[in-house]
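As structure tokens, the structure follows; a few thoughts come after it.
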Amino acid sequence: MSSFTPEIEAAIDAVRQDVAALHAELVRYGLVVWTGGNVSGRVPGADLFVIKPSGVGYDELTPENQILCNLDGTVVDGTPGSERSPSSDTAAHAYVYRHMPDVGGVVHTHSTYAVAWAARGEPIPCVLTAMADEFGGEIPVGPFAVIGDDSIGRGIVETLTDHRSRGVLMKNHGPFTIGRDAKDAVKAAVMLEDVARTVHISRQLGAPAAIGAAHIDSLFDRYQNVYGQPVPGAPA
Amino acid sequence: MSSFTPEIEAAIDAVRQDVAALHAELVRYGLVVWTGGNVSGRVPGADLFVIKPSGVGYDELTPENQILCNLDGTVVDGTPGSERSPSSDTAAHAYVYRHMPDVGGVVHTHSTYAVAWAARGEPIPCVLTAMADEFGGEIPVGPFAVIGDDSIGRGIVETLTDHRSRGVLMKNHGPFTIGRDAKDAVKAAVMLEDVARTVHISRQLGAPAAIGAAHIDSLFDRYQNVYGQPVPGAPA
Amino acid sequence: MSSFTPEIEAAIDAVRQDVAALHAELVRYGLVVWTGGNVSGRVPGADLFVIKPSGVGYDELTPENQILCNLDGTVVDGTPGSERSPSSDTAAHAYVYRHMPDVGGVVHTHSTYAVAWAARGEPIPCVLTAMADEFGGEIPVGPFAVIGDDSIGRGIVETLTDHRSRGVLMKNHGPFTIGRDAKDAVKAAVMLEDVARTVHISRQLGAPAAIGAAHIDSLFDRYQNVYGQPVPGAPA
Amino acid sequence: MSSFTPEIEAAIDAVRQDVAALHAELVRYGLVVWTGGNVSGRVPGADLFVIKPSGVGYDELTPENQILCNLDGTVVDGTPGSERSPSSDTAAHAYVYRHMPDVGGVVHTHSTYAVAWAARGEPIPCVLTAMADEFGGEIPVGPFAVIGDDSIGRGIVETLTDHRSRGVLMKNHGPFTIGRDAKDAVKAAVMLEDVARTVHISRQLGAPAAIGAAHIDSLFDRYQNVYGQPVPGAPA
């Protein structure tokens, strides 16, 4: 049985609610079937993260049955949900949190078009302004890796470190996305499938036109700095 | 703080309701993901238009959080929603309203099949009677343009002025549609994606048969003048 | 103002309810967008049919706003809904009812995959057992015809008379289906799009295997005579 | 009129509830249209199974109108639902239950992508880790067989006996899946369509990379033994 400060308990509860609720976005955008796919979120101020239980249906997810893990991927005993197994991808999420301290959320799906590119081991070229905005260039491919050790996590981290893209296509497997928090990683998963589908469909009837590197840079820079509502407390 | 006549206030309120509600049609027809896409509507009798706030989810849109803008694209201070930023595409909408006085509504999406044609920079040929009805010919491509100045708005206006089509595919970006009012522009966005998808799929297995220009003319003319219910007060 | 016997009034009311409700199946299966598409049903025992009003949204359809027409396609004055215009495809439906006395329902949509075949003017080959069951062979193509006279109706009737298929792909336009009643025609519209999509997708990666004519005959014969629940009063 | 022990009655009721409810998953994942498709479940401890009635809509299915059958495919007289005809695929389900004693559930659909492969008579190659997990290799093709005798059931059994895959693509027809129980067979039907779609789409733009046989073996072995929550009472 673990005991945390009230501040950490409150932070855990907030992440449990976010993670449980954000799984509904994977369903809404058709990124998952059956019990596949998973979202996790880091607990701010603690070496902890919250992740989906393994093999549980999307209709049954609640804040209480999400699973609290240490950054080595072990379940924190005695906490709500700890009688269940965490997602079978927990080791990969944990590896990312250990090695990418700015990452606050990780998402994994087998979304159709992203997996289609991953099965060919082919990066998605940046031919859409929305892709330049969101990913700053192509979506890269990570190595083939099987579950059971750190090779998936290592592949994600090696591919995304110092890369603009918040998404990687693990070869023959599927996409992992990262973000500032769980919501940002879910947004990346949604946008990644959207661009994977659109570029696929465009290429079915010919070659999409390239966007010049300078244009990609300016679109990415502007979107990261200007889009959306002002963040309270941020410089105007 | 602005003050308007009661007539203008009533017109603003009506457009706020229309614009907020019409965003649901973009969701219903799968034209948008996350917070992407936007609808605006001109306020009849005033140099004003109403547009979606930037980066706000489709479930959270209300008449009150739509944003009232002047035709130069600046937010009207002190009006509901004015504490937020308007859509990042506001400058393009404003440019259209300034230069196309008959346009009462503008819609922008990244709908999949329309963007697929836009990424190749290829107009959609008119091979469907429904496309002749609605667009009177092909859907044209507008120039590549980056956000941040008037180049998107100028590209839309130059492409659609004196063109039958109410929709343009901005290269590597996506469709903009215009209409008599916001609803008409939303209908054009829905129909544009429908024809973009259908012609794409048809061409996957061979060349669609062309429709002769005279047939296109007669279909377009009839549809614009006969289809739908009689407009109250219009000539019989 | 028309007056009918109570039996005919009851039959009209029943068809109004069926036709209004069956439009929801077009939405459910994604066969229509905006106000496109239409269902009609013949009134048993009378030279009348009921059809969707023109340009009215699918959420607004009720038994009372469906429109009662004579078999020449004119609206029966003074009946509910008669202040509105019937579907712009009414003349085609009327032509079918006049020339195919066993037809009790007609459906028209612009469903994506059926229109994709229609745009190429290519019949859908019978390569699925479900297609043999339901259509008894290929889905034929009808002639290019523009709205405004009897040429669409004539094209449907000439193509489907003495053909097993209850559906025709009107060239560059889209599918029309017929049935014993409105529900049967709607089922044919749903199944037609399903086979149009499946055969399209199969052919994207190679040639589907043909089914021999004798097998098609036996599947069609069995399905027409055995499938489903026993009809009350029918021979056992 | 049959009479069963209370234990068997309870088991029948449980399977009726499962089978009726599981049909909703076929709708949710878009595997069926109109009244097509069917789920059945074996009654544990008895030579009985429960199956969908023929030609009845998915909105109308209840535990009480599912049909109880003997393993020869005949309806058990005097039981709820027995006044109706069982699914037209009942003989095939019965054949599977008679010849594969470990099978507790059978599902048949005409899901689009699975049928697309079946129409070409082409097995789905194992190029996704999720496919290795779930099916342990390729999805095989079964022989062309027409309804009306045991040839469909025989084709399923001959193809799946001693095969890792829980799904078979019957040529020109569609997929049948099997499982420990009805839910497991439904999961297989959902996953089969998912991999059929993803591999199809991947191959549209080039050849997916193969996964080595040793990797497939280790993924399959791990997934069958580790994934999901611990089964109560199972060895730790």
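For reference, chains read A, B, C and D in written order, and residue numbers begin at 1 within each chain.
Just so we're on the same page, contacts are C-beta pairs under 8 Å (C-beta built on N, C-alpha and C of every residue); 3 or more make two chains touch, one makes a residue touch a chain.
All figures in this text were calculated on a predicted structure; none of them were measured in a lab.
Looking at chain A and chain B, not one chain touches each of them. Annotation, chain B versus chain C: rotation angle of 90 degrees from the Cα superposition, expressed as a multiple of 5. The chain with its Cα centroid farthest from the Cα centroid of chain A is C.
At the chain C-chain D interface, residue numbers used by both copies make up under half of all numbers present, so the two copies contact each other through mostly different positions.
One finds 32 Å separating the Cα centroids of chain C and chain D. Inter-chain spacing, taken between the CA centroids of chain A and chain C, is 46 Å. Counting partners per residue, chain D has 204 as the residues that reach two or more other chains. Chain contacts here close into one cycle, and each chain has exactly two touching partners.
If you check each pair of chains against the touch rule, the ones that pass are A-B, A-D, B-C, C-D. Those residues of chain C that touch chain B in the shared complex are 33-36, 53-56, 84-85, 88, 110, 112-113, 115-117, 119-122, 144, 146-148, 171-174, 200, 203-204.
Against chain D, the residues of chain C that register as touching in their complex are 29, 127-130, 187, 190-191, 194, 197-199, 201-202, 204-209, 211, 215, 218-219, 222, 226-230.
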